[in-house]
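Look at the two complexes coming up: subunit A is in both, with subunit B in one and subunit C in the other.
Let's turn to the complex of A and B:
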């Protein structure tokens, strides 16, 4: 490999360092209006009346839009359309962030003032605020029942497992919300241009979602809307479906006023209205043999969806498939329920419904190890998947299974036996500060799998300019994870052009075919393959031409390091592309990649759940202050089998960020609510890790068990990088205090 | 109120409303777009600017308070060492926090040419980053120090 897997500088780095990268809020247009939003601010009720007259009286207010102004379908929802865009009179308000009206005004200040002048009359209803209340189904939040969705796995005979078991563990778990807290709040600028194309500049992971959703809201054909993803200041799942709900607001106002309209959320709006990681409650019953072998898993998990289903049914697919962890389990009986409550709708968040159950199953594994007197490392090694094994859904794995290698690698780099010894000695001599070690061993089904295969295709366009510089446009997005650099590396590997001559453009939906969402750690495989295919096609065009032109064999032509070797003559890449251009050689191509068809029985939850899996292991060392309850992550050792490392620095960055964000989830971050209203609506009370909370070191290693379908063998890393962290840290805390942690975030009371 | 101040070395005279935040004034009126708003409450550091050599959250400052001051943002950095160090160290992901971190680093290195890990953490505690996990940011600051030291060795 020439450049794949090497350490390179990210291609968009300097632009960001000098502050010239343009995020949604950095777009300004002549004659631009500013939008504000009128919220219901009530968790449950019936909207009786809206009075906008006072707002209109304020000078500088240009438009106050309500449901009556929506020209298309006033509804959102990925699986079922159960959420109003703007609540109609007579309909229900289902959470505090339901939107009643939108304002367009000449300035931000006027827009905000006007929002306070809209009055609405809401007949309040008692809200449903917890999973337990929702399950009673006495007050219905949405649809016919609060249990909106159910998914399951039925494999083998679970009762046999319990009959044959030497140890049966029954444990309950709870997890809280997590707010994405991307540093850049949601925002969009919409401009209904004079030639009647709706241009939308939006901070987003999935511009094609915005495209379709805004088209529905406005009743416009898709070829009249261009969604341009701006530089995006972090997503983590929070900018998967939500940017549709955000962008539709200025889009409607721009449609109505024929002027550009900007809406940038404040942090408070963002936390109040937009999705979070689902809180959950789980019950696990797991059967083991004396030697630690798992015989069966029975589990029941409830996810708190909040007021609307949004992406929950898809999230639940992942929860279901990941419920048994990365282990061989012959008997499986898994149930996952999505439950409506009168709170903020939950949706996608790095890990997508799997961290909740991975925390549970990994805690069970540790507890079993303890009871059976086996080392937590050994019990995982014994049960983990290998080539030839079946996952809990009965998916037989035929290649690219590096699970064991990741375990062994972490064991080795952490010098585990010595470390264990050190911890033991430390704890014997320290009364109030205790150290703890915790393992986690997880897997992650890459991309959308059988839960969303209709979206699993991606397009890329590669264009070589006559001067040898290269433009790439992909349908997936850069949001910080390093996708642009990864794509440039792939093109560079194939075409031999230097990295600094390659730029990757922001996607535009009027240019590229729908490439599905940038989620599920799928970009490297999907866009990466699409770029690989397009670049290969161009390379063939060039080779075909050169072999004719110079009268040499095709195999006598090679590309590397900004040069092209034709038999024994070296040309610069620029000389060749100029020559090609003059001779009408096709220097632009589109690559399209889609996955092979998967087979899955959704009724039984059995089959090929995903195209491939990433396998990961983490060992964490924590220090717990018994007196104050303070937990610090001291050090972590992590290893991921991602098939092939393409963008080395990017991969390390993902793991560092994932471990720390996962740490926030496990021990720090907490959404506090009062009567369905979020109290922790900014960073003064929703506390995320600062540089002082970061561990001293995160040791990262990769295993490369190539996935034949992936570009150069690569799988995905974006989400597993977080997922290994919470269970490992929770297990480390349990280990330190010698008491099982069964709830995250871990609170002070759990310690002292 | 008419204010007069220096922005990245340039004299600015402008009439500003007394309630306007420095953040909005600098971004919306003067187009200094490296300054980002992440929280509006002085908690995230994305809006950090250098005022008379000190790092300040511009979301908590009024535009009129800029009167008579000298303001530096990343647009005005002539010496690119810190920026290069951030790129080199892999300390940038989404980049939304980056200008703020670079300004805070600048403030730190103005005062302390050889900060320890502890001092770096102390200086950057007011800047949040959700992407990197901070390890590479600390590395970037140390790299910048190294680059400066190398530069002064040569002289």
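Let's turn to the complex of A and C:
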């Protein structure tokens, strides 16, 4: 490999460090208006009346839009359209962030002032605020029942497992919300141009979602909407479907006023209105043999969807598939329910419904190891998946299974036996500070799999300019994760052009075919393959021409390090592209990649759930202050099997970030509410980790069990990098205090 | 929205502007602008104090003088360079972040009078005197602060600076409990200064933050400890006494029960860190 897997300079790093990269709020247009949002601010009720007259009296207010102004379909929803864009009179308010009206004004200050002048009459209803209350179904939040969705796996005969077991563990678990806390809040600028094209500049992971959703809201054809993804300051799933709801607001106002309209969320609006990781409650009953072998898993998990279903049914698919962890389980009986409550709608978040159950199953594994007197490492090694094994959904794995290797690698780099000894001695001599070690071993089904195959295709356009510089546009997005650099590395590997001559552009939906969302750790495989295909096509065009032109064999032409070797002559890449251009060689191509069809029985939850799986292991060392309850992650050892490392520094960065964000989920981050209203609506009281909380050392290793379909063998890393962290830390805390942790985030108050 | 901005150069000018405009004083702005954004302060006038001709941070006799506009970073640098009241370093370094410390000021912290103010706690421990102009009033910080956010200041007055005692040969312990290690408002905090002689207490000062409507310090209790032999039993007694004196509330950061436990445990922790060395750092 020439550049794949090497350390390279991030291609978009300089502009981001220097501040010249343009994020949504950096866009300004002549004659631009500013938008503000009028929220319901009550958790449950019936909207009786809206009075906008006072707002209109304020000088500088240009438009106050309500549901009556929506020209298209006033609804959102991925699986079922159960969420109003703007709540109509007579309809229900289902959470505090429901939107009643939108204002466009000459300045941000006027818009915000006007929002306070819109009055609405809401007949309040008692709200449903917990999963337990929702399950009673006495007060209905949405639809016919608060249990909106159910998914399951039925494999083997679960009762046989319990009958044959030496140990049956029954445990309950709870997990809390997690806010994405991206650096850049949600925002969009919309401009309905004089030639009737709706241009939308939006901070987003999935511009094609925005494209389709805004088309529905405005009743416009898709070829009259251009969604341009701006530089995006973090997403973590929070900018998957949410930017549709965000961008539709200025889009409607621009449609109505024919002027550009800007809406940038404050952090408080963002935390109040937009999605989070689902809180959950789980019940697990797991059967083991004396030697630690798992015989069966029975589980029931409830996810708190909040007021609207949004992406929840798809999230639940991943929850279901990941309920048994990365283990061979012959008998499986898994139920996952999505429950409506009068709270903020939950949706996508790095891990997508799997961290909740991975915390549960990994806690069960540790508890079993303890009861059976087996080391937590050994019990995982015994049960983990290998080539030829079947996952809990009965998916037979035929290749690219590095699970065991990741376990062994972590064992080796952490010097585990010595480390265990050190922890034991430390705890014997320290009264008020205790150390703990915790393992986690997880897997992640890469991309959308059988839960969303219709979206699993991606497009890329590669264009070589006559001067040898290269532009790439992919249908997936850079949101900070390093996708642009990864794409440039792939093009560079194939075309031999130097990395600094390659630019990756912001996607535009009027240019590229729908490439699905930038989620599910799928960009390297999908866009990476699309770039690979397009670059290969161009390379063939060039080779075909050069072979004729110079009268040499095709195999006598090679590309590397900014040069092209034609038999024994070296040309610069620039000389060759100039020559090609003068001779009308096609230097732009589109690559399209889609995955092979998967077979899955959704009724039984059995089949090929995903195209491939990433396997990961983490060992964490924590220190617990017994007197204050303070938990510190001191050190972590992590290994991921991602098929092939393409962007080395990017991969290391993903893991560092994932470990720390997962740590936040496990021990710090807590959404506190009062009667359905979020109190922790800024970072002064919604506590996310700082650099001072990150461990000094996060040791990262990769296993490369190549995935034949992936570009150069690569799989995905974006989400598993977080997912290994919470269960590993929770297990380490349990180990330190010698008491099972069954709820995350772990509160300091729970320790003392 | 801010419409009027003033830059007084003299004490009288500042005083007059404050009286006339009822504007808010602005030095670092690390607190003022947060409150303006949140709407908890609504004003159209700010008076920038940074152009005031004032004294610098200095040592006068056995006092450390910290003037208006002196930032935490400047103070930190000063105590390091002059090797004075080094214990303060432990408190100052926990405040906000480097950016906050580069702008935020001890005088601002004291004027805000929050029971969670880390420098407020420091000023109690070091028996600070608050110097007020243009009246040249001087009063102990415990008298200056009248309650959460309430201070003894007339409309024409402002805090010109604070004077801390310079203390030598004290053992010192400070801990701020929060869920993370930077950019955090304390759930509870303890500062303890102790001078010992022959394993007996010669002088002791104990102050808690965030466990009462004010910084909790009880000088009578402190006096009663002088001459006592330093051992675990004594500190258990101190822990229990302060637990009784504390009156924490439940808020978004923590419950009152947890805070009560912390009052006790922080004293035990201080003892173990200072004397037992059971806790390895």
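Keep this in mind: the second predicted complex is superposed on the first by the 752 of 752 C-alpha atoms of A that agree within 3 Å, B and C clash if a C-alpha of one lies under 4 Å from a C-alpha of the other, contacts with A are read in each partner's own complex, and residues count from 1 in each chain.
Everything that follows uses one rule, which is that contacts are C-beta pairs under 8 Å (C-beta built on N, C-alpha and C of every residue); 3 or more make two chains touch, one makes a residue touch a chain.
Just so we're clear, the structure is a prediction, and the values are computed from it rather than from any experiment.
Participant: Examine A:690 and indicate which partner it touches, taking first as subunit B and second as subunit C; both and neither are also allowed.
Facilitator: both
Participant: If we overlay the two complexes on their shared chain A, which of subunit B and subunit C does A:481 touch? Say first, second, both or neither.
Facilitator: So A:481 only meets subunit B here.
Participant: If we overlay the two complexes on their shared chain A, which of subunit B and subunit C does A:698 touch? Say first, second, both or neither.
Facilitator: First partner only, subunit B.
Participant: By residue count, which of the two partners contacts subunit A more extensively, subunit B or subunit C?
Facilitator: Looking at subunit B versus subunit C, the one contacting more residues of subunit A is B.
Participant: Report for A:413: first if it touches subunit B alone, second if subunit C alone, otherwise both or neither.
Facilitator: After superposing on A, A:413 lies clear of both subunit B and subunit C.
Participant: Report for A:653: first if it touches subunit B alone, second if subunit C alone, otherwise both or neither.
Facilitator: After superposition on chain A, A:653 lies in contact with subunit B alone.
Participant: Tell me which partner A:16 touches in the superposition: subunit B (first), subunit C (second), both or neither.
Facilitator: In the superposition, A:16 contacts subunit B only.
Participant: Shared contact residues on subunit A, subunit B side and subunit C side combined as an intersection?
Facilitator: The overlap between the subunit B and subunit C interfaces on subunit A comprises residues 683-684, 688-692.
Participant: Considering the complex alone, what residue numbers of subunit B touch subunit A?
Facilitator: So the residues of subunit B in touch with subunit A come to 24, 27-28, 31, 33-41, 43-44, 46, 73-75, 77, 80, 83-84, 86-88, 90, 92-99, 102, 120-121, 124-125, 127-138.
Participant: Using the touch definition from the top, list the residues of subunit A that touch subunit B in their complex.
Facilitator: Of all residues in subunit A, those touching subunit B are 9-10, 12-23, 25-26, 28, 108, 180-185, 231-234, 236, 264, 266-267, 479-482, 649-650, 652-653, 656-661, 682-684, 688-692, 694-695, 697-698.
Participant: Would you pull the subunit C residues touching subunit A in the complex into a rising list?
Facilitator: So the residues of subunit C in touch with subunit A come to 1, 97, 175, 177-185, 187, 252-255, 257-258, 261-262, 265-266, 268-269, 272, 278-280.
Participant: In the complex, go through subunit A and note every residue touching subunit C.
Facilitator: 109, 426, 429-433, 627-630, 667-668, 672, 679-680, 683-685, 687-693, 748-749, 752
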